[in-house]
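Okay, so chain A shows up in both of these, paired with chain B first and chain C after.
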Partner chain A sequence: MNSWRIDARVFCALMKREWYTIVDTSKDSLIDGTVHLGVQFILIRFLFPTLGMPNSLIAPLFVGSIITILFIQGFTTTFNQVFDLQGPRVIDYYLTLPLRPAWLMGVYIARTMLSIAVTTLPFFFIGLPLLGSVLNLDLKIVTFSALYLLMLLCFSLWYTAAGFWYNLTWVLNNLWPRRIFFIFLFGCLILPWQAVYDFSPIIAYLFLWNPVTYMAEGLRASLLAVPAPIPIVASFGVTISSIGLGVIALKAGMRKRLDPVM
Partner chain B sequence: MTQSLSIFYAFLRRDFYNAWKTTKDIAFNWAILVPVMYVCMNGYIQPGVMLGKTSQLNMVMFIGSILLSVQVLSFKASIELLFDLLGDRFIDYQLTLLSPRLIIIERIFFATCYTFALLLPYYPMSKLLLGDLFNTQATSWPAVILVLTASAFLISAYNIFICCILNAPHELRKVWVRINNPLFMLGGFWAPWYVVMKASPILGYLSLANPFMYMSEGLRSAFLGTPDFFPVPLCVAVLLGLGCVFTFLALRQFKRRVDHI
Partner chain C sequence: MSQKFLVIDNVSKIYGSGPQAVHALDNVSLTINAGEVFSLLGVNGAGKTTLSSIIATLHPATSGNVLFKGESIYNNITEYRRHLGFCPQKQNLDHELTVYENLLFAGRYLLMPEHEIKQRIDELMTQLELTRYASFQINALSGGNKQRVLIARALMHKPALVLLDEPTVGLDPDIRRKLWELIKQLKTMGITIILTTHYLDEADTLSDRVCILDKGKVRLVASMQALKEQHEMESLEDIFIKLTQEYQKEAA
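Here is the complex of A and B:
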């Protein structure tokens, strides 16, 4: 109990420090998010419909584009993590603190979740009102909040784990094209699953192998007044399973890079 | 002069030798893996789902997907300069042997050749996978190669210029998120200029200042041979002209940064 209390106190102190950093860099994160929103808004609201895309796809595509931010910002986490492990190794200082490694990872993950969440704020506070009439919003606040938090946790876990698994050169050369790109492109972010199914059921079923498909469809179902082709329970189930696998990957990565005795 | 050229050649060989170590991985990723994924998504699934099965539009949407590879490959070939300027400064040794001007020209030349060479399999690979969906009957391959070369040159000069102005590696993220990403996403990655113009004339005129638009338009024109896109000579001229402008800016910035005399 005593050890738990010490862990909690150090955790809170570290989180307080991280909070200051996040507030300090929040201007940059908000600008990044706004630029990203601007590009997605122009593409989805103007260019794709002019190309011939039906207007009914605008809302699902816009919701999917929120998840693209998680992919892009998450990669920064991995890069910073790997850069630290190969360079200054600030993590060695953290490891000397009276804090168990699991709690330390809690700090890393909470920090990543917060920094990604800040970047997505413009999508909710500027993007949704901008597209208001086209979106046909039906916000189920509890479902949305729960799923969104779980998604943030899932992305933070996996990107932190990747930072422990691979070295800097591999991350720079291969992480995006060999790991992320496939999940990103074939995860129903730029196309809703129902539309893919109408085009080709076989491809749509193949998309179901990708956990991001469930997350994207879950987020659409919790934000929009559209029928959900994938049950929301499945979205939660797959996201929680991905989190479980992410924890295992993170543990293995830590063992690999930090301390073989741990 | 002859001595400078021989040193220039030696540096060029060194750069190729260093790049060779990671080329296998990068070539596999950006010349095979990424085109395969883009063929499936941008060339087949996305146009099919969004626009219905129209061969011409499949191609229009797919051709622009090379922009990401152009930018990433050139960036990988150029970025060593930034890390060197901020770290070991091998460049100081090079400066004792060659003038700053020739060093920058050598870096741009290397990045151009590297990018161009790795981009070459992109479209043949796509043709192999897409078959008849990727109709190359009206394609002028010399024009494709010309546009690719000019694109590689422009992007390499641009990336070297960026390396000369940045003061810390973390600023790279800002450049990618705030400049590179919007430039290529709105520079014909998906939608050609006539679509941008139709959607919003203001955006259309603004796009004329986007170098990526000339790359994608030049490639679409070279592949499809239709008058819907900018003519190839115009695109090549703009790409080469802008490439020269960025080379000049990079030279000036580099000299200011490393040569106080």
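Here is the complex of A and C:
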């Protein structure tokens, strides 16, 4: 059996194990997602319109809240990974299995993608039909699916990489306030980019330094019947570039923290 | 007994770089024979765990090579890993799974056929007296039982080479003795064992040969019998203390 086939088979065995946990915890993840959605439903359907917020701002906010889930769930990945590295180090066992580290990282990435995706399922399967009239939907399914998958990959990569770069104390004390918070806040998740531009073009251009702005605007363009101020090609381009950088960060972090036989 | 089962060829390991670089291993060369129990001894920081982690392919050597049955392990590392069972110092069992599931998934990771996995789990559970703990979560086990599960996991795929890194640290004396019996059993099954230990009575009881590492260098490789004859002492502990004192004098 050649080593590629061995890698692939061990990868599948590890994914089976991950799937086992994901299925086991999926009930909780779905409840979490539904609770988030419930809050969003009350805000979007009742509170914001009552307060006079125009539909042009409400619908983009809903899409932003889906990306917020990626931020929150991704953090759990980093925490679990850092905890393992400073605690039991199950990863050391995995590193002695007959598969190369790149494939092992593939397992970590796929696991994170799946667990985040499960939490966002209620938004798509319950939220979109329920809030369709308010959101003014225009679903471009292929574009949306492709961009969403790339975003899941990007978040998984960066959060997994963060798990190798930082120690547990730093992650607990600083990852949100010193890293995620700024990316989150200046990522056009709350307001669409056009609204920021209308307020101040300078601030809007500053937002363009953040890849999350492109992801959020791309997702809005593929879900809603709104004009896209940022071309969808740019959203794909920036997301793919961020994935590339994420791969580099993950590889460097893995070398730094694990020093594996590559 | 075939010779040159595992050859450590001029292996060095340096952590960090520049003035802060730590030379954990310095041109270590060793030959481990098939079917023997080979113990790595040394004081803290001697390089025992570094060497065993290189043999376990957890970390690469900075320079040098490791040959398994005459071929560099780095030429086909996945194949080498299928012959290797590693029992690390830290109990890194999967805490989300039960004892049975830990072994079940270990078998799957090592590509064993499903029917063989179940048979092997039954064998190991019986041999290691784990049957009644099959459905226990790992956190519910005592330290000794966790250690047994760790050893069972390392043995799932019937490896030709087993690396035991401090397997009895923190265990009660009766459990230590039971693990010794197990290691003796493994030896009778023809499995080659590399044992890293701080406990010299353990090495004395179990080893065919010992290697003393000191500051990352091999200071001595000898059979237990030759060592005792040469130093005219019966206890490995006495010999070890004598030798380490000599090394300290040399260094001073």
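Keep this in mind: the second predicted complex is superposed on the first by the 251 of 262 C-alpha atoms of A that agree within 3 Å, B and C clash if a C-alpha of one lies under 4 Å from a C-alpha of the other, contacts with A are read in each partner's own complex, and residues count from 1 in each chain.
Quick note on the criterion: a residue touches a chain if its C-beta (ideal position, glycine included) is under 8 Å from a C-beta of that chain, and two chains touch if they have at least 3 such contacts.
Bear in mind that the values here come from a model prediction, so they are computed numbers and not experimental data.
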Simultaneous placement of chain C and chain B on chain A, clash or fit: fit
First (chain B), second (chain C), both or neither touched by A:Tyr205: neither
First, second, both or neither for A:Leu97, with chain B first and chain C second: second
Partner chain in contact with A:Trp19 - chain B first, chain C second, else both or neither: neither
Chain B or chain C, by number of chain A residues touched: B
Chain B versus chain C as contact partner of A:Asp7, first or second or both or neither: second
Which superposed partner A:Phe46 touches (first chain B, second chain C, both, neither): first
Centroid geometry (CA): angle chain B/chain A/chain C, rounded to a multiple of 10 degrees: 90
Partner chain(s) touched by A:Phe125 [first = chain B, second = chain C, both, neither]: neither
Chain B versus chain C as contact partner of A:Pro88, first or second or both or neither: second
After fitting on chain A: smallest Cα gap, chain B-chain C, Å: 11
Those residues of chain A which chain B touches in one complex and chain C touches in the other: none
Interface residues, chain C side, partner chain A - complex: 56-60, 74, 76-79, 81-82, 84, 86, 88, 90-97, 105, 108-111, 153
Interfacial residue positions of chain B with respect to chain A in the complex: 22, 25-26, 29-30, 33-34, 37-38, 40-41, 45-46, 48-52, 57, 61, 76, 173-174, 177-178, 181-182, 185-186, 190-191, 195-196, 198-200, 203
Chain A - residues contacting chain B, complex: 28, 31-32, 35-36, 38-39, 42-43, 46-54, 57, 72, 76, 169, 172-174, 177-178, 181-182, 185-186, 190-191, 195-196, 198-200, 203
For the chain A and chain C complex, residues of the former touching the latter: 3, 6-7, 9-10, 13-14, 16-17, 21, 24, 88-93, 95-100, 259-262
